[in-house]
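Presented below are the structures under discussion, each in the form of structure tokens.
Here come two complexes built around chain A, the first alongside chain B, the second alongside chain C.
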Partner chain A sequence: MSAEVFTEHVLVWLGPVPLTRTMATSVATSLFLWGALAPVGRAVARTPEGRLAAAGRLMYRFLRNLVTETVGHPSRGLEIFSGSLFLFIAGAALLGQLPGFAPPTTNLAATSALAVLVFLAVPFAGIRARGLSGYFKRYFQPSPLFFPLHLVSELSRTLALALRLFGNMMSGHLIVALIVALVGLLVPVPLMALDLLIGLLQAYIFTILASVYIGAAIRVGEEEGA
Partner chain B sequence: MSPALTNFLFEAANFLVLAAVLGWLLFKPVRRALDAEQARHAQETEAARHLREEAEVLAREARAEREAAGREREARRREMLASARNEALQAAEASKRAQVAERQRMEKELQDWRDASASELVDTVGRIAAESVRRLLSAFDGPALDLALVRAACAELDSVPVEARGAALVESARPLDARSRTLLEEALGGGVHERVVGELGAGVRVTTPAGQVDATAVAVARQAARSVNRVRDAHGVSLEGG
Partner chain C sequence: MSEHTILALVSIITAGLTMALGAIGAAFGESRIGAAGMDALARQPDEAGAITRNQFVALAMVESTAIFCLVIALVLLFANPLLPAR
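Entry: the complex of A and B
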């Protein structure tokens, strides 16, 4: 295992564009998820009675329930977005247990990118649900004086998203890397299991928070529309 | 270009691509399967609801039929009960009528037997009385009983029209003596057809087309019995057969 906390390890420069190790692990994580979950989708479509299909339905039902409880009704786009977030972060945590593999979520730029995507998804979903003026009107309620507070709130929670995920994943991975470097392979196994558990928990927390933020924007619009 | 900025942009793009791929390859077929399953469940639920409604309708119909059958059975039971009661009453009435008829028949038989016994008793009493009277008259050298009765009969024959006296039949307990025959021939205006009937006791009984003149001991006894019966009817006392 290896950990680079605040530096970017550039593997190769493609002209002015650097190809970093985080980018490589992100692609690897995406390919892993693609390769692992595409058969599940095919199994659901072709052999719905199989165990793989049952697992796929179970996972999707879990996501749908999560979104439904947050938003109040099923939302196809939010299901895909939240499900992808959960699978990406959980897959990264799972692959992070491989020797020499640093999950992309241990990089602040990667977690910031995910948090910024959530930050952008909130107004996207809100504007789609209640319109442009309807969505931005809530920044000036109950008084226009609250606009800076709303703005700071959204920025701070986005920053919190990024830092929470980065801090938890990086710290766990760093501790395991240090233990492995000091005492060998078998000793840090419990810590690796704990790191995996923390990774899955962070995936769930990140997904829940993203769903709550986006769902709040959608639900506020619907409540006002009603 | 800064590696951090490149990393940031690449991660965002990578995630969007991943979401699109997963949405196409994983979420879409799973969502379709779940929707199809949900639609099938809804269809099955609807079918089950229809079946339940049909079952409820059938249950209501069965309940109504059962209630109607119960009412019909109750009506039939009441009807049969009334019919049975009617038949029982009729049977009791018929039995009562049969008992009354049997009783009346037995009473009639008893009455007939009483009448026959009384008549026989009267005849016997008449004969005995006539014999006793005749013997008594013979012992005191008095007039003959038979002759006295013949004279009484001749006196009665005066009330019979002359033209009806020719074909008269004379019955007597014993053969007529000459004196009696002469008296009768004078009363009848011609010959006498005789016949001996011992049960008469004494005297003669003359039968003409216009009527009968009975001057026998039995007739006297019967007359006495009739008198006694009249007294019985008038005072509720019976001398016939106890």
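Entry: the complex of A and C
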């Protein structure tokens, strides 16, 4: 068993640019999602009464409820952003059950990239919803003394997002790999099921936390008015 | 024992200790969240959706301490800066 926990397997060097396995698996996950969900989208448009369309609508309603309940009102941009995060992480966890496929989320760089996306989306959504001064007023909210605390909380929660996803996905992957190396047949199956469950749960949690962070930025000032 | 053997030994023992001690706190915290969630569900079954959602978020928050311990243990085992690279 080769343990690649923090190191990265480079497939090809394109000049000075390494093409790593995580990049390949990320693209594979995106292609898988596109291939699996494009027919669902077509079905919703063409045969709204069919089963595929019903499944697509159920999925969309789940994501819309998640965003609406965390933000307080429907927000189309956040639905797209959070939905993409959820589908990518869940799709990676699903594909991770294939033999020899390490989900891109078992790589710290990939999960950090997702967390940085959330980190950047917070001021973007906040400024778009509240304006520049309206958004940055939040950092000085109870008193200007709290400014460094707000900064530290933004950075530490981004770090926690990345490390939480990485730790959960990598631990499941490592445990399955260890048991496979020890026993091999059939014994790892319950652990793989647990790994899949944890992967889907982490996708849900990552999405909820991202929605909560972005929703808090959108709702700056609403609490004082209420 | 050479210096590197001692370092490797201490790293392995520390990784185990990190995980063991880190799991205790998270386990206690998560059990309390689970108990409180069940209590709230029994009192207000109508609010099951909101309770479950908030419970999952709280569980994830508490669990991250154990996950940080896991990452530190993994660093000690697989990316130890004091040991020579394999």
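The rule we apply is simple: the second predicted complex is superposed on the first by the 216 of 226 C-alpha atoms of A that agree within 3 Å, B and C clash if a C-alpha of one lies under 4 Å from a C-alpha of the other, contacts with A are read in each partner's own complex, and residues count from 1 in each chain.
Following the convention adopted for this analysis, a contact is a pair of C-beta atoms (placed from the backbone, for glycine too) under 8 Å apart; a residue touches a chain by one contact, two chains touch by 3 or more.
What you are looking at is a predicted structure, and each value in this text was computed from that prediction instead of being measured.
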Do chain B and chain C fit side by side on chain A in the superposed arrangement, or is it a clash? fit
Contact-wise, after the overlay, does A:114 reach chain B, chain C, both or neither (first, second, both, neither)? first
After lining up the shared chain so the two structures overlap, which partner does A:160 touch, if you call chain B first and chain C second: first, second, both or neither? second
Counting only touches as set out at the top, which of chain B and chain C does A:79 meet: first, second, both, neither? first
Chain A: partner with more touched residues, chain B or chain C: B
Take the Cα centre of chain A as the vertex and report the angle out to the centres of chain B and chain C, nearest 10 degrees. 110
Touched partner set for A:208, first chain B, second chain C, both or neither: second
Mind working out whether A:52 is in touch with chain B, chain C, both or neither, as first, second, both or neither? neither
Where does A:170 make contact in the superposed view: on chain B (first), on chain C (second), on both, or on neither? second
Touching partner for A:69 - first (chain B), second (chain C), both, neither: second
Considering only touches as defined above, state whether A:22 meets chain B (first), chain C (second), both or neither. first
After overlaying the two complexes, what is the shortest C-alpha distance between chain B and chain C, in Å? 14
Within the complex, chain B is touched by chain A residues 8, 10, 16-18, 20, 22-23, 26-27, 30, 33-34, 37-38, 40-42, 44-45, 48, 53, 56-57, 59-61, 64, 76, 79-81, 83-85, 87-88, 104, 107, 109-110, 112-114, 116-117
Along chain B, where are the residues that touch chain A in the complex? 1, 3-12, 14-19, 21-23, 25-34, 37
Within their complex, chain A touches chain C through residues 3, 5-7, 69, 160, 163-164, 166-168, 170-171, 201-202, 204-205, 208-209, 212
Using the touch definition from the top, list the residues of chain C that touch chain A in their complex. 49-50, 53, 56-57, 60, 63-64, 67-68, 70-71, 74-75, 77-79
